[in-house]
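Heads up, the next two complexes both have subunit A, just with different partners, subunit B and then subunit C.
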Partner chain A sequence: MSEPLELSKKYQHMVTQCSRCGFCRMVCPIFDITKNWATNAGGKMVLIKEIIDEKTKPSEGIAKSLLNCTTCMNCTINCPSGVDPPEVIRAARKDMVNLGYDNMFKAMSDVIAKTGNLYGEEEKPDWGHKHEKAPYVLFVGCVGTYRERESVEKTIKLLDILGVKFTMIDEVCCSGVLEDVGYQARKELARHNINEFHRTGAKTLITTCPYCYRTFKNHPFYKDLNLELKHITQFLAEYDFKVKTDKKVTYHDPCDLGRHEGIYEEPRQIIRKIAPNFVEPERTRENAMCCGAGGGVRGSFPKESITIARNRLRKIIEETGAEILLTECPSCLHNFRNAKLRRWNIEIYNITEFIAILYKEMDVRETVAA
Partner chain B sequence: MEIEGFNFPEGLYYEKNHFWGRVEDDLIVMGMNDYAQLMSGEIVYIGLPPLGKKLKQGKNFTKMESGKWLGKVYAVVSGELVEVNEELEENAKLINDDPFGKGWMFKIKPDNLDELDNLMTDPDEIGEWIRGEIVEHGVAS
Partner chain C sequence: MNNMHKFIDIVGEDNFSDKIEDLIPYSYDASINVYRPDALIWPETKEQISQIVTIANKKGVPIIPRGAGTSLSGGVIAIEGGIVIDVSKMNKIIEIKIEDRYATVQPGVICDDLNKELSKYKFIFPPDPASSSVSTIGGNVATNAGGIKGAKYGTTRDYVLGLEVVIPTGEIMHTGAHTMKCVSGYDLPKLFTGSEGTLGVITEVTLKINPVPLHAMTAMATFDRLEDAGHAISETMTGSNLIPSVMEILDKVTLKSIRENTSLELPECEAMLLTETDGYTWQEVEAQMMVILEIFKKNNPLTIKTAKEEKERMELWEARKGAYATLSRISTGVLDDVTVPISKFTDLLVGVQEISKKRGLVIGTYGHAGDGNLHPQILYDTYDPEQVKKMEMVESDLFHLAVSLNGTLTGEHGIGLSKADYMGLEHDSVEMEVMKKIKKALDPNNIMNPGKMALHF
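Right after this comes the complex of A and B.
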């Protein structure tokens, strides 16, 4: 187990491109809690270079250290040398696994293969929209299904209220996350999802999860998708809603939606329609801090992941004084809800979930008035 | 008392969702048992519901989560939630470190203390039950 990493020339070049300036420290959610230079992007680039140059031998400790990155891309956006550290780190994680430094995600890969979801859950919820022909097919993903089920139920309710003709499939994990943690996405799962999508006759695939969106859009296993792909915020951006809130509302950009896919405006288009009192956090859009859930960090370092979410949430509350925090990502939503302290007077929802709640409140008011 | 290497303090009431109850004045304190905390791995989150919530014996009323597992918390008796262990909000690992002490979860004002008769106190009964759980679910290393 002493061979150097086999990073491609492209990534080896990126490692040497890093000028060690340390700008990435200012935006790295891991550095934010460790204050340890070795844990941020620049530190990891040095570590990887040391292994490539055979000055340091790969070890379990280094493999673990490389897992401690949310792949949020805040370092990429702020790197004056044009390095994309998450890409290098992803490649290095694969090298470490190939060198035999297995990690907990081997078990996750096996669980996904066996059960079709990240968590090894045996029972799937029945969302009530399965196997009908429809122009739209909705995909909700593992985190929403098994960690934020009530939120997904409300999103589905909203689509019903809006009269969207959609269906859902017998979903299995898109498995894209495996690529982030040293393993390969699973072709048989991608094939299952594609076949199921095509059976519905839908022309448009709507995802609630930004990570699934990225996988469907970018992973070669989904090249035969042949469907228009929309994140739910893109799909709903042009809709009009009959509800509004007077409460002060703010928004957290999910890294997978924002920095990774450049979807910043559509969520705001929706929020402005329903919340006239909308305020931005100081760090927003491409500068938004990560919630701590991505890149496998929630799985491998759960306590640290929640600490990152708590720090982000604390800042948002201090900066905006908002009563409602909206996002549109099941992982961000879950991490923030886990991180929220009881004394903090803020409610956290996905945008679509919140709009469904507003509709329900309007129904109650109208019933009472009648 | 120790059963199969797990601590089951005497004087407590145990139920089969792996929670325990203890009479403290006119309240019931509840928490998670030693086997379940080990099987869960490091607990990173427990939902602390608002005080005053009405609970029903054997029904789940909140969630808890470790890095690998999401679980439900079941009320050991029916009654009103009158206190939560606020330390768990920022340090849920107390449930692992001290499941019968600092890792207590909730205090309930019981509707009817007779419900305690539905819970296990007999070491033989607890032993038989936990051995069955170990056969079914194993023991985390």
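Right after this comes the complex of A and C.
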């Protein structure tokens, strides 16, 4: 308990800079459902400031409260005072763990170390794409592999249809998410992935998961990656597709892809090619509301996480009247699918998954015609 | 407090907290005042509020009503502990009655959300505080919030037709009417508007609404002398035969912080005026603007520019609305809102600069020049006791200056805790006594937001 808050203290200036103007209230997915200022970015900055200034002692409750943030960065983008709350919150979460306030993600960290994936799954699916050498290597990540398997299968199918020469590896978790919830990414896992990538001789690494993309791009453990890195929407942006849908389609910007990495245009470039009837939700691009899955909230506060996803989905349906919601993030996809009410007449897919389905439908039509 | 289970029984566990991690953030608003409440309640109905207040009144427990908590005066700070009643969950628009020109809302409705809904009918609730994207109507009423359109469209008080209030006994009072005019009895809606939560908890508000002007035009002018900007303002407001919908001023310090922290290319100058005209036809709007620009031209401007594109206009207003928070990127600060008669506005501008020089603290200045309401933002280091002392002296200087110019301590932020000590400077002892008598008559146990407005009796 006596250890200093060394990580948070680096942000003393930033938390002091928060003017408590409250502008983060209008964009925070957590505040949106709690209406509790303490769960909002500004409230958390105040809490962390009091701890840094030693006016308040850290506690179990404070540590838990700091976990209630999806790190979606909507507050960052909209903060006129220039504060980046998720960055401060991440540091404070680590301090809490260092002070002895472990959280539920300690178990996840152990599970990742033991099994190489977030969920402690023993068996990996065989995607059937382990060629030794290829110009491209595809990384699909834990959530896709173990929670949205069908979606991943269709994404892989699409790459096959498009004739992409790619290979896959014996993946282990990129482990970047641990940094969000108070723990350290795991070097041995990073090393394993890097070695596997290099073994393929690929020049380009394609990720389907925006969080894995962020980790590969930014985490020091991956500094030796030495591969061109592309999110799958970037990779496919220039491709032409032989399929189209007449349905009304909309798109949800994943926080990890949009606000965190600035990738807004490429997904839209793809969607416009396949869906002439494309309509944006009211809150979109930089202002897109989070799906509620990020920053550990899905694990720590599952009920709230689903409520956030349901609210986002409800708004999207009301605002756009779309029949198809596309995104390109396994976590968003998973949370939305779990949150969707049966009576809602909307289908939810990753973009790549949806295009593969359109190809399949085209095949069926052609077969029937023949 | 031993009565917490009673409150939980009323609102349910999810709407109550006395956890330290929740109480700490609620010890703050946007001012520098910090005191911790004992508990937080998020009621969902007026009946719940009535029951809570009834118990609190019997036990002498302070009640602090709170909206978005953006108060710049410590208006929602629990200086004597007690229970914060956060009305954010009471956020329903109850009725929009275009044919009768009013809207009735719960206190937690966000100002911009109401206007978004009203815009469907081409109507608007005009008072436009910089915090309108998050401020609640309950908070706007409790503080009589103003904003950038005050000179032409007035402040919240001008639009409050009726209120439903839980008074300190716990009874639910309905006051006012649904009519455009009403002189039936004392004007209690006007008394409760701006009463800073010291007389009761507002649970419903009926507001007059206006048709949206169909056209608007924005222009900006820069000056290298504050006096020239000041003269341009007073001449426009008094000698042009028109009232612009907006007349804002931003000084050098503020402009620099906006320039360095946004993508807006604002000029380097001593002062910038932002003005807007609005009306039913474009010709009318343009004709008004021509008159204002002629006045600007006579007062030695460096540049004059009209923002023709809607995007450009919105960016300018966004920058202005974010001025307070943007300045906090330079330094922590205290934001005041002294207000003077329009003819004294130039004296106020120059006086603020002199105070800044005399006390050695930077002051960023901006505000609603059209109604004489200035926002000096005193920049200082909160961790440096010397600078804290200087800041307090600057505040005192500002209040004395405003009152000496026949002005007021506060045009729109309220007295709260921050200016309570200066009430005697502006209000004579007879008036203070009347205010205290009103407070005592309604709240004999002094439970409603105690410590605010120097109303102790």
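Throughout what follows, the second predicted complex is superposed on the first by the 362 of 370 C-alpha atoms of A that agree within 3 Å, B and C clash if a C-alpha of one lies under 4 Å from a C-alpha of the other, contacts with A are read in each partner's own complex, and residues count from 1 in each chain.
To be clear about the criterion, a contact is a pair of C-beta atoms (placed from the backbone, for glycine too) under 8 Å apart; a residue touches a chain by one contact, two chains touch by 3 or more.
Only a predicted model underlies this, so the values are computations on that prediction, with no experimental measurement involved.
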Practice problem: In the overlay, answer first, second, both or neither for which of subunit B and subunit C A:81 touches. | Solution: second
Quiz item: Looking at subunit A, does subunit C or subunit B touch more of its residues?
Solution: C
Exercise. Determine, under the contact definition given at the top, whether A:362 touches first (subunit B), second (subunit C), both, or neither.
Key: neither
Quiz item: First (subunit B), second (subunit C), both or neither: which does A:37 touch?
Solution: second
Quiz item: Which partner does A:26 contact after superposing on A: first (subunit B), second (subunit C), both, neither?
Solution: second
Quiz item: Is A:47 in contact with subunit B, with subunit C, with both, or with neither (first, second, both, neither)?
Solution: second
Quiz prompt | Touched partner set for A:16, first subunit B, second subunit C, both or neither | solution = second
Practice problem: Please write out, lowest number first, the residues of subunit A touched by both subunit B and subunit C across the two complexes. | Solution: none
Quiz item: Which positions of subunit B touch subunit A when the two form their complex?
Solution: 42, 44-45, 48, 65-68, 70, 86, 89-90, 93
Exercise. Over in the complex, which subunit C residues touch subunit A? Could you list them?
Key: 17, 19-22, 24-30, 40, 42, 68-70, 86, 88-89, 91, 108, 110, 112, 131, 133-135, 261, 322, 324-326, 328-329, 332-333, 382-383
Practice problem: Please name which positions on subunit A make contact with subunit B in the complex. | Solution: 119, 146-147, 298-300, 302-303, 306, 338, 341-342
Practice problem: State the interface residues of subunit A toward subunit C in the complex, per the touch definition above. | Solution: 16-23, 25-26, 35-38, 40, 42-44, 46-47, 50, 56, 59, 61-62, 64-65, 79-82
